[in-house]
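Taking it in order: structure first as C-alpha cells, then the write-up.
Lettered A, B, C and D in written order, each chain numbered from 1.
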Amino acid sequence: MICRLLEGKKGLIFGALNDKSIAWKVAERATEEGAQVVLSNTAMALRMGDTHKLAEKLNTIVVPADATNVDEINELLSKTMEHFGGRFDFMLHSIGMSPNVRKGKHYSNLDYNYLNKTLDVSAISFHKIIQSARKLDAINEWGSILGLSYVAAQRTFYGYNDMADAKALLESIGRSFGYIYGREKNVRINTISQSPTPTTAGLGVKGFDNLMDFSERMSPLGNASADDCADYCLIMFSDYTRKVTMQNLYHDGGFSGMGMSLQAMQQYNKSFEYDKEHPFD
Amino acid sequence: MICRLLEGKKGLIFGALNDKSIAWKVAERATEEGAQVVLSNTAMALRMGDTHKLAEKLNTIVVPADATNVDEINELLSKTMEHFGGRFDFMLHSIGMSPNVRKGKHYSNLDYNYLNKTLDVSAISFHKIIQSARKLDAINEWGSILGLSYVAAQRTFYGYNDMADAKALLESIGRSFGYIYGREKNVRINTISQSPTPTTAGLGVKGFDNLMDFSERMSPLGNASADDCADYCLIMFSDYTRKVTMQNLYHDGGFSGMGMSLQAMQQYNKSFEYDKEHPFD
Amino acid sequence: MICRLLEGKKGLIFGALNDKSIAWKVAERATEEGAQVVLSNTAMALRMGDTHKLAEKLNTIVVPADATNVDEINELLSKTMEHFGGRFDFMLHSIGMSPNVRKGKHYSNLDYNYLNKTLDVSAISFHKIIQSARKLDAINEWGSILGLSYVAAQRTFYGYNDMADAKALLESIGRSFGYIYGREKNVRINTISQSPTPTTAGLGVKGFDNLMDFSERMSPLGNASADDCADYCLIMFSDYTRKVTMQNLYHDGGFSGMGMSLQAMQQYNKSFEYDKEHPFD
Amino acid sequence: MICRLLEGKKGLIFGALNDKSIAWKVAERATEEGAQVVLSNTAMALRMGDTHKLAEKLNTIVVPADATNVDEINELLSKTMEHFGGRFDFMLHSIGMSPNVRKGKHYSNLDYNYLNKTLDVSAISFHKIIQSARKLDAINEWGSILGLSYVAAQRTFYGYNDMADAKALLESIGRSFGYIYGREKNVRINTISQSPTPTTAGLGVKGFDNLMDFSERMSPLGNASADDCADYCLIMFSDYTRKVTMQNLYHDGGFSGMGMSLQAMQQYNKSFEYDKEHPFD
C-alpha cells in the first residue's frame, strides 16, 4: 500500500548495497511514501554494490562515507544538508560487519583487533553518526533514528559470533543516546530487531539456511522479509510513532515471543525418525 | 496528520467511555483514516458515559456487551459482522477495572472475589473476545488485535494494586493467543504499554497526579497522551506492521528505558532542600 | 555437598507429592542442611502421593490444606507455627494444575471455569498463602518465599496452554507482594524459572519427552534436574541471598539465554535428511 | 554466617583495590568460606590501593596484570595455576573504568579513543580473561565465572555515560561465552547486576549520593551493600548453583522490579512543597 506516510520528509540512509538490502527497500519505499532520501555507503561497498543504480532510480545522490570516520561523517552530513537545503527528519543505520566471522575466527578464539573493528563498524558507528548529527544540528525536532538489530543481542545463536555482542552494544547506544536527543530535540532513537533476512550480509552467516527454516517454523507469521521490514521502518519514521523511543522493537513474525511451536517441533521430531533409521550414524 | 492509513478497514472498539478515553480517540482517528468502526461497552458504562454521542458523530452503532460474558460477546460479534456485512480487520480491547482499587482494599488485604473480578474484566475478557472472534471466524486474514497495558506489568508501582497482576495476565494472553491466531490466520495480537494517561480510569489511581509528574520528567519525550496512543494504535492496525505479533510495545516517551533522568533527579533533589528547611517534620 | 546452609531455619513446603517432585527434594535437602520443615498438600494429593512417607523420613508433620482456601491456609499456618513454636523462615510454593490441560481443552477453546481454576490453584494460591502469612505475622524478618515457574511465562510453548498465563500471573504476584513484604519485614519473594522437569505434573504436558530433548540440546549445561533445583531453592532460602527480591530467576542450564545451539541445530538438520528420504510423507 | 561453602575451591579475583571494593569483600569472604584465592590488579592500582595488604591478610599472592593485555593475562593465569598447583574453580571480574567519565566528556561529546578504552577495560577484558583461561584449560569442570554489572545496561541513568554501553557489552559477552564454555566444560558464566555501591569507582559517578538515596528508597530491601554482594558472589561460585548460566542476576534489594515505591514518591512529593515555598526559583 502507499498512503504518502512520509510526505515532505527527508532522510539519510546508510547501507543500501543491493536490492536484497533492507536499506535498499527502505529507500525505495520511503520515496514512494513521499520522502526524499540521500544514500550513503563506504567507497568499497559503492564499488561492489549497486547503490548508484538506486540513486539514479530514486533521482537522488550517493555520498560515500566510512561511518567509522568522524570527519567523513561530518562531510556526509554537510552534503546531505546542502542537498536537502537544511535539516532532515530521519536516519537509517543498516551497517554491520565482523572480520572475525569473515575470517572464520571462532568466538573462543577472537582476534581482538577484528573485534574492535566489528564493534566500531556495527555499533560505535551508530553513536558516531548520531553525535555528529546532533553537533551539526542536522535533525529536525521530532526526527527519528533507527538501527537494525537481531535477537542474538538477547539470546545466543551459535555461529553469530561477536556480531551478537555488537548488536547488544548497538541497542544500548540507541537507548543511551535516545535519552539525550529526546529530551533536547524530541528526536527518537530505536532499534528494530529483525528476522533473519537473506541479505548479502545475512547469507554470510554460517548455517543461515537452516536457521531461516527453524525461524520460519517457530514464528507464527513466518519470518519478516526485507520488504516487511522496510514498511516497519517507514512507520517508525512517520509522525504516528512520535512518542516511541529508546526501544528495541521486534519485527520477527513472533519469533521472540516463542519458546516452541508445534510446527518446529514436528520438524524436529522427524530427526528422531532419522536416528531410528540410521542407528549407526 | 491524515493519510488514509486504514482505508477500507473495519474494526470493533471496546471501552470508549468519554472523550478522555484512549478508545474514544482511536475510534475518531480510525474513522478519519478511512476505517469503519463499531463501538461496544457495558450497559452501565453506556449509561454513565458518552459512547452514544461518539457513535452519532462517527455515524456508527453502539452494541452493549459485558466483555466477561461469552454469550453477550458472541451476540456483539454477530451484530458487528452483520453491520459490516462480514468479517472485520481489527479489535481494540481497552477495558480495565479493579474493585479492590475502588474499594480501597490494599494489595496485602485483597478480597479474592474482587481479585477474580479484576482479572476477569481486565484480562480474561481479552481471551474471551479473541476466542469468540476466532470461533466465529470474525477477523480477516492479517487482522490485528490490540490490548492496552501499563509498565506496572513489569515493575511494581505502589497503589496500582492487583491491576499490575491483571496487566501481566493480559500481556501473557496476548502472547499465548498470538501464537495460535497467527499461525492459523495471520492475525497478530499485541499489547501497547502506554504512559499513565489521565483517563477516567487513570485518574482513579491513588497519587496519579504526582506519578504523572514523575513519569513526565523521567521520559525524555514526556508522557504519551491519549491522542498519541491513538496514532500508535492505528499504526498497529495498518498493513505496515503485519509481521509484528506477540509483543508488548512500550509507548511511553521513553519511560521504560529510563533508570533516572536529570530532570527527575533535579526535582527529587529539591526534596532534600525541603528536608533541610523543615528538620522537625 | 552439605554445609549446614540452613542451620536453625524453619520452613513450610507445599507440593511434595512423590520422590519425583521438586518440593520433595527441597524438603529432603533442606533437612540435610539443618532446617526443619512442615509439609502441606491437598487431601487428594495426600491420598494419591507419598507425602506421609516423606514426613516420616524427615520426622515431621503433614498438614492437609487446599491452598486456594483461605480458611484452610490460616489453619495450616497456625498449626505450622504451633509445630515450630513460633514464626518460621521460608515457604516454597510448588503448586500448579490446569483442568484445561487435563481435559484436553485447547487454548483456543478454553473452558473459563477451568481457567479460573488454573489461575486459582497455580497462581492466586501464591497470593493467598503470602497474604495469610503476613496477616498472621508468620514469617521472620529476612524470611524468603519462593514460587516455581517456567519460561513459558515469557515465551509461548505449544501445548503448555493456560499454564503459561498462570505462570505469568504467579511471577507478577511474586513481584507485587515482594514490594510490600520487603519494605515491611525484609521478607523476600522470588520465583525460580526451572527447566522442564520430569515430575508427575511435567510428564502430563503434551509432547513432554521431545520438548525435554530439545531443551537439553539447547541448554549448554543441559536441563536442570529436580535435585539441582532443590539446591538452588536452598540458596534462595539461605542468608547469602538476603538482598535478592522480586526476581524471576532462571535455573535452566542456560536455556533462557539461547536462541539456537549447534547441538540442537544438528539434530534439527537431520529432519531434512529424513524429508529427503521420505519425499512423499 | 560461615558454613564453608567453598571448601577446597580456588579462585582468581580481579579488582580488589581497597576495603570498599566488592572484590575485596569477595576475597575475604571466599577465604572464610574455605577457598584459596589469588588477587590481581593493574600495576597502577597496586600502587594506589591496598591489594598487597589484603594478600598478606589472606596469606596469598598478588599478580599484577593489565586485563586488557592478553600476554599479561596469560602470564597471570600461568602464575595462578602454578600457585594453586593446577586448575582453579572460579574467577571474579570486577573491573570498570571510563576515561570519558573521568575527563567529563558528555555522552553526546564522547572521545572515541576514550570510548574504546572504556569498552576494552570494562567489557572486552572479560572476554580476554575467559578466552585465555579456556585456551590454557585453567578452569575446572563446573567452574564459575562472574562479572559485575549495573542496571544501567537496561535503563539509562543520566551521568552514567558510556559505562552503560560497556555494561551492556559485558553482559552480552558473559552470555555469548557462557554458551561455549558451558557446552564444553560445564563452566558457567553470569553477571551480577548490583545496587549502586559506594566503592571508589562508584563514588566517582556524578550525583552518586542522591542516586543512592533514590535507589535506597525505591528498593524494598534497600540497596545491597558490598558485603551483601560478596555473599551473593560466593553463592554463584558454590556447587549449589551449578545449572545457572548466561544470566544477568539482579542483586539490588528489588530496585529492578520497581516502577515507583511509596517511600520514594513521598520524598519526591516534598519537592513540590519546596516549589510552593520558593515560587521564584
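Everything below uses one rule, namely that a contact is a pair of C-beta atoms (placed from the backbone, for glycine too) under 8 Å apart; a residue touches a chain by one contact, two chains touch by 3 or more.
It should be emphasised that the depicted structure is a prediction, and the values quoted were computed from it without experimental measurement.
Because chain A and chain B share one sequence, their contact can be compared position by position; here over half of the interface residue numbers appear on both sides.
Looking at which of C-D and B-C shares more C-beta pairs in contact, the answer is the pair C-D.
With each centre defined as the average position of its C-alpha atoms, the distance from chain B to chain D rounds to 40 Å. Inter-chain centre distance (chain B to chain C, centres taken as mean C-alpha positions): 32 Å. In chain C, the positions touching at least two other chains are 155-156, 158, 175, 178-181, 246, 256-258, 261-262.
Chain contact topology: the protein chains form a complete graph, every chain touching every other one.
Against chain B, the residues of chain C that register as touching in their complex are 70, 107-110, 112, 115-116, 119, 124, 127-128, 131, 134-135, 153, 155-156, 158, 162, 164-165, 167-169, 171-173, 175-181, 246. For chain A in complex with chain C, the touching residues are 151-152, 154-160, 207, 210-211, 213-214, 256-262, 265, 267-275, 277. Note for the complex: chain A touches chain B at residues 1, 3-5, 7, 175, 178-183, 186, 188, 195, 220-222, 224-225, 228, 231-232, 234-235, 238-247, 249-254, 256-258, 261-263.
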